[in-house]
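Submitted below is the structure of interest, expressed as structure tokens.
A, B and C label the chains in the order they appear, each numbered from 1.
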Amino acid sequence: MSTYVLIHGAWHTGKELASVAASIEAAGHTTFTPTIKGNGPSDSRDVGLSEAVCSIVDFFVLNDLEDVILVAHSYGGMVITGVADAVPERIRRLVYWNAFVPNNGESVNDMLPRQYVDLFESIASARADGAVALPFPIWREAYLNDADLATADHAFRHLNPHPIRTLREKISLNVNPAEVPIAKSYVNCTEDISLPHHYPWHPRLSQKLGLFRLVQTPGSHELCFSNPARLAHALMDAGRD
Amino acid sequence: MSTYVLIHGAWHTGKELASVAASIEAAGHTTFTPTIKGNGPSDSRDVGLSEAVCSIVDFFVLNDLEDVILVAHSYGGMVITGVADAVPERIRRLVYWNAFVPNNGESVNDMLPRQYVDLFESIASARADGAVALPFPIWREAYLNDADLATADHAFRHLNPHPIRTLREKISLNVNPAEVPIAKSYVNCTEDISLPHHYPWHPRLSQKLGLFRLVQTPGSHELCFSNPARLAHALMDAGRD
Amino acid sequence: MSTYVLIHGAWHTGKELASVAASIEAAGHTTFTPTIKGNGPSDSRDVGLSEAVCSIVDFFVLNDLEDVILVAHSYGGMVITGVADAVPERIRRLVYWNAFVPNNGESVNDMLPRQYVDLFESIASARADGAVALPFPIWREAYLNDADLATADHAFRHLNPHPIRTLREKISLNVNPAEVPIAKSYVNCTEDISLPHHYPWHPRLSQKLGLFRLVQTPGSHELCFSNPARLAHALMDAGRD
């Protein structure tokens, strides 16, 4: 069986992926769900993308991880792209789940619609801690549109303020994703409108992977809350050889 | 539980939504399925969009409707946009189901592909009653493409000629939909090709709502005939808080 | 009941559609799965598109086929377009299943992304037999992305080198598909990335049919291997009156 490392998105920690990981473990695989530096409960929010990437590279080294199926959600796509650039020999396949795919020199903000960049910057500038929080109406309508209100409320209470420097910082890569000699998959949840469908995750960002395997499943951006078992199956369809 | 008002599309009356309403009532809600002025069996077809809108505003007042989840199909999107502009305080959420979303000054014809505008005008000009009828081959292939022929035949016999002035008349709004302070959802049937997929309902028209919740379901433009229960569930996923 | 003739795509023969045909026969229909000239085990690969088309026209005549629901996969779309131009009176409906739709004077290469044209030409020029083979990583990731590795391996071993002249040769038609007075359907497998989703089968090619019925189903380009029964049902939804 395989080793899956699941990398969360902005406003999340590894804990929010516990149900997904449980379904993957039930199929016989080993899973890890580390929290990226800057998203831990006691972490400073004055953290940039390179530190975020380093924290996961360190996690790989510390746990001596090899032959990994490395999965990322959303912002986590920036992180696994950096990890794959640093330690490609430890990775069997990259799986982007409605995740950003940067080329060298790109930031999350470079791939976001203008209105979200402006909104997030204005929220961050009204705070003193270098973080951005997500307004509930956006969360409920555009992130967790496939869940009931109780699920959306409950999940919202577990979000953490996200270090905004990680969205601004441009990634530094030796090799762009399309040229990375590692197998790649993209999991697209078909009702994900956290990026609007006229400026979508797939195929706008997925095509930057070059040759990749597409897996689609019904679901919102936050299928980890609305149907973690269905998401786990999509990730395993994406992660298998 | 909630109050759902279902507004039909062109060529339909409220009666064609009876099965959908029954599924929504079975879940404990109250439903209303009024017929828009101009589509009733004995109505004159010399009716424009403002009269159509007024007839539903009147229906709200007459029935003292408050806290309504107001759902519209296709042409009905014009009508509920006008209703929401007139009596926003009576509406809890707007649900557009493969429906037109006009900004101030726009008509249905402004959002239709040129070939449909020309076809509908030429059909209407060959009649004497100010109405347009839908040719069966278009109905069967592009409107009810997910049903068998018997269902398509049966539903076709229940269509009524549609007042063409409602397609030409530009709507007059105080506030465009994106700025209306009411929650909004868009239900997209993924096999709906009544508008061609290179000039689609979603995201071309849905994005005019500003922040909205997306719900998708397999189905044609006329899922009310091919699978009313599945449609009802999509409408309730869209209509809940 | 109806007569279905199923025309395979590039690298295939009629044999690979046996499971699909069996499901269609189980519903009471008659099926034929001829192999196009140039794809048979002992055929020369020095074959062009006109010879390919003629071989299926001959098959119609030899078997005295009338009132046919003529289904094509991928490259087979070129062939049935040519057959419909030659013997329209024998065809009840055309069904394109993630298939090319040429207008007069177009070739497969005219509808392929540049990188595939270049790749196929470079593979063919490295061989001596006028054929192109598909590299396994592309097959596995972009053609059979919804299957497990064992299925992808097994199916790959049944592929045959495809005559490259059939991809280069421009078709000669009396009437373009949109004007052909035969009913038409397009079956789109929603995870088909054999053509990239930013340059897709549907609606880019399907819209060349003019009025057509859309049927969609989850699945990759090679749903005939990953789920032949599901494909058969989609083809029958597309093929019925």
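Note that in this section a residue touches a chain if its C-beta (ideal position, glycine included) is under 8 Å from a C-beta of that chain, and two chains touch if they have at least 3 such contacts.
Just so it is clear, the structure is predicted and the values come from calculations on it, not from any experiment.
Any chain touching chain B that also touches chain C appears here: A. Under half of the residue numbers at the chain A-chain C interface are used by both copies of the sequence. If you average the Cα atoms of chain A and of chain C, the two centres end up 37 Å apart.
For chain A, the set of residues touching two or more other chains is empty. Taken in their complex, chain C has these residues touching chain B: 183, 185, 202-204, 206-207, 211-216, 237, 240-241.
Against chain C, in their complex, chain B makes its touches with residues 137-138, 140-142, 145-146, 148-149, 190-191, 193, 196-198, 218.
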